[in-house]
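Pasting the structures here.
Paired with chain B in one complex and with chain C in the other, chain A is shared by the two complexes that follow.
And now, the complex of A and B:
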């Protein structure tokens, strides 16, 4: 109970900080931060299924997010590459999103089949390598993916479905209606997915997953197929990652190869560790607090450097991300909401 | 295809040296060190700091000016500094974690945090632009059909010599034997009177010095930049996994193969116009190796279960 009170206070302080540090346009900053937090929180929920539930070290989440995003965007009307080739026909958005999620799950299957038999630290290397392969291929096959020039003008498919009251509400509070709509859909997805996951976690399947995390040999001895369970968990987490990638590119309004660099995965990990590995709502909470911290690093940069340039802002930001990951992993590995006994820390 | 062989040999030496250091550290401590690339970059950046002329301000924030020492001294100084750095990492960070029974996975996540932290410290203090050491420019010449500059040939010879020395050190010296003993079984090593804490410290220092040397070679062949370590790290992982993680000679061999393969693949026909994908080939090879022979070419099966 105590940690929920701490979580509540941290959230309250974070929100107060946003509104107090932005006297004008606080609502706009708030919506911006909450949209990013929702997207990263959703991605972190995916990694949590991998790592928190099943003990799988996935450091290639950017690839799952990327394949979901690219599949969806390429299936709807968009404008592609250097010349901006316009493709004006496409599938309806809900079907495209569904195909994107399935594509992410299939990439999880493809990657999981050869690697899930291996020990944990190998999986970390393989997933990060796979994410780099994905990014390099996306960058290189320009006529399919737009490469570094990317894909633009695909947001309309989503924004056309925006209800009028959102537009009116946004205008009266001076927030970007497009971002508000993306953020709202993201948080609705988080709630729906968390409801499904809370049922799954209590199901026999969810218990078997946690048993795999604790002792794989025992699971095998009881006649369960541990590799199959890991594979299912890998696909489920990858699918959630795919959905978060779709929201990410709709929030940016563009998608390039550089959107899905390894750093994206590390951000998501930082949010997960902050919120609490293994807990249900932890990743989403962690993402909110993570983004408030990230937003406040810019004032640290201004304190350190007189007029920080982009390089210094990014540098300070990531120095703090690295410190956060180290600090929480060493001193509070269960994060804000996690349970210490549910952690996989003493595994050799 | 042959014109790429020279580049392949050079990249092979870099990756082979980096792989030995990574693999040795993994063997002795069981740490998959994602911050390995940052130690590589530390060596390269320190050598640049020592050797660049004092009036060049392109590298550091204006409060530090480069020292302008001659290049060979800079190299030795920065390799020593890398050793100190590695030793401090072990004493201040990894030894306390080990004493508190942190598992491998927790330590792996810590090294990822450390890697992000260090890399962006370099970004804050060093320029984001690639910078070269002050060495005169040389023209490529023909050595048995392979195109290399004279300096690159020197680098190749020195690199090979260092690898041979590492091999002799591990095979014949007392400390090297103790390292291999701890690697094979730390329990058996400690009952035969080997102080495993001391050996782990020595391994950290040794591996970091080797990493620093790798970084300097990389800087001489290409250039120095803040994220050079992270760019090469995945190829080093590929080399280590190919040769067998935890092995020394296997890692050297694997690293060398990866380097040559990456550069030769540039000459392949279907790679035409897809230069970025060359690294993807090395990484894909690593995944295939894990599929068919997870212990690597020279690895022991019991290390991977």
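And now, the complex of A and C:
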């Protein structure tokens, strides 16, 4: 119970901070922050299925997010960045999103098949490499992905579905209606996915994943196919990552290879660690806290430097996130919502 | 051939220059307690690993229950009814004792992703039915009180019991126990031995590696001695006890 009180106070203080530090446009900042938090939270939920449930070390989440995003965007009307090639026909958005999610799951299958027979550390290395290969490929296949110029003008497919009341509400509070709609859909997805996951976590399948996390050999000795279980977990987490990538690019309004750099994966990991590995709601909560910290680094930078440039901002951001993760690892390694008893110290 | 549950022919395994296992012929007849003894490094555990398919053999053949299982996956072999425990106890630390047992007992079908998502009433019923068997087994092993504790909170001996209990949930045809008494206090040892011989009376074959010679001689109907990868003696406890080869092997290793 205590941890929920801590979580509540952390959130309350964070939100108060946002509104107090932005006399004008507090609502706008809040929506921006919560949208990013939702997207990172969703991505962290995917990694949580991998690591928290099954003990799989995935450091290439950006690739799953990226393939989901690229697949979906390429299937709907869009235009390629540099030459402005406009492709005005495409699939209906829900189908494109579904295909994007499936593509992410299939990438999980592709990466998992050769690596999941190996021990955890190998998977970590392979996933980092795979994510970088993915990013470099989409950067260089300019004809398909727009290269470094990326893909633009695809947001209408989503924004056309925006109900009127969202638009009206946004206007009266000076919020970006497009972002409000993306953020809202993200948090609805989180709720739906958490409901599904809570059902799975308690199911025989979820129990089997935890057994795999604890000891693969014992799982095998009891007649269970550990590799198959790991593969399924890997694909599920990848699919969730794919969905978060889709929301991420709709939030930006562009798709660029530079979005899916390794640091994206590590920020998602940071959110997961802050929230609590293995807990159901932890990743989403951790993502909110993470984004509050990111937002507050700007004012800390302004306190340290007279007029901070981008590099200084990024530097302060890294230092603060790093310090915070250290703080959590030392004083509360189970995160805010994690169970101490289920703490993952020995990764197999 | 037909009345052999397990039958091993010319099974070999080398690690570099070391011939870890070289067993010409090993048959297990139905319903006996067979113990595998031998000095450290004799290849007992490797032999276990080979016949349970946790390691690949270099050559040779293994058949179990009339089927050739020489290249079968370990988990599939376990499904056929050959269930093992480990020298270093392997329990699922961060799961409760009860969950350890549940996982062992639940059907593969119920653990399917879709079945777990849909959760039909038959799945729920089967999970409920499992409860009875788990409670019975925990009762048998004196672990009922620890039901809700995390497995890592158990003592070493209790972990051994849990590992045994978990294996029993599979209703095995043969149970391969790798040092079931290691690190277990004398009183618990007695209890474990009694449980093992009761299991055998109920039709479960037992093959165990054990260093506690007194216990081995007391409980086993057949003792197999390994040294340097080979079987050097095989027979009733009394025969093995007075076998010259055995005395040499043991004295040789303890003198060094």
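Heads up, the rule we're going with is that the second predicted complex is superposed on the first by the 343 of 348 C-alpha atoms of A that agree within 3 Å, B and C clash if a C-alpha of one lies under 4 Å from a C-alpha of the other, contacts with A are read in each partner's own complex, and residues count from 1 in each chain.
As a working rule, a residue touches a chain if its C-beta (ideal position, glycine included) is under 8 Å from a C-beta of that chain, and two chains touch if they have at least 3 such contacts.
Owing to the predicted nature of the structure, the values given are computational and were not obtained by experimental measurement.
Colleague: By the touch definition at the top of the document, which applies to A:220: first (chain B), second (chain C), both, or neither?
Modeller: second
Colleague: Please indicate which partner A:316 is in contact with in the superposed arrangement: first for chain B, second for chain C, both, or neither.
Modeller: Only chain B is touched by A:316; chain C is not.
Colleague: Could you say whether A:196 touches chain B, chain C, both of them, or neither, answering first, second, both or neither?
Modeller: second
Colleague: Which touches a greater number of chain A residues, chain B or chain C?
Modeller: Of chain B and chain C, B contacts more residues of chain A.
Colleague: Figure out whether A:207 sits in contact with chain B (first) or chain C (second), or with both, or with neither.
Modeller: Touch status of A:207: second partner only.
Colleague: Applying the document's definition of touch, where does A:121 land relative to chain B and chain C: first, second, both, or neither?
Modeller: The first partner, chain B, only.
Colleague: Determine where on chain A the residues touched by chain B overlap those touched by chain C, and list them.
Modeller: On chain A, no residue contacts both chain B in one structure and chain C in the other.
Colleague: Going by the contact rule set out above, which residues of chain A touch chain B in the complex?
Modeller: 55, 57, 59, 114-115, 117-122, 124-126, 128-130, 132-133, 136-137, 139-141, 262-263, 266, 269, 273, 311-312, 314-319, 321-327, 329-330, 333, 344-348
Colleague: Residues of chain C touching chain A in their complex?
Modeller: The contact residues of chain C facing chain A are 52, 54, 73-76, 78-79, 83-86, 90-95, 99-100, 102-104, 106-108, 110-113, 115-117, 119, 123, 127, 150, 163, 166-167, 169-170.
Colleague: How about chain B: which of its residues touch chain A in the complex?
Modeller: Residues of chain B touching chain A: 30, 32, 97, 101-106, 108-110, 112-121, 123-124, 128, 230, 234, 237-238, 241, 245, 274-277, 279-280, 283-284, 286-287, 290-291, 294, 304-305.
Colleague: For chain A, which residues are in contact with chain C within the complex?
Modeller: By the definition above, chain A touches chain C via 196, 199-200, 203-208, 210-211, 213-215, 217-226, 229, 232, 236, 341-342.
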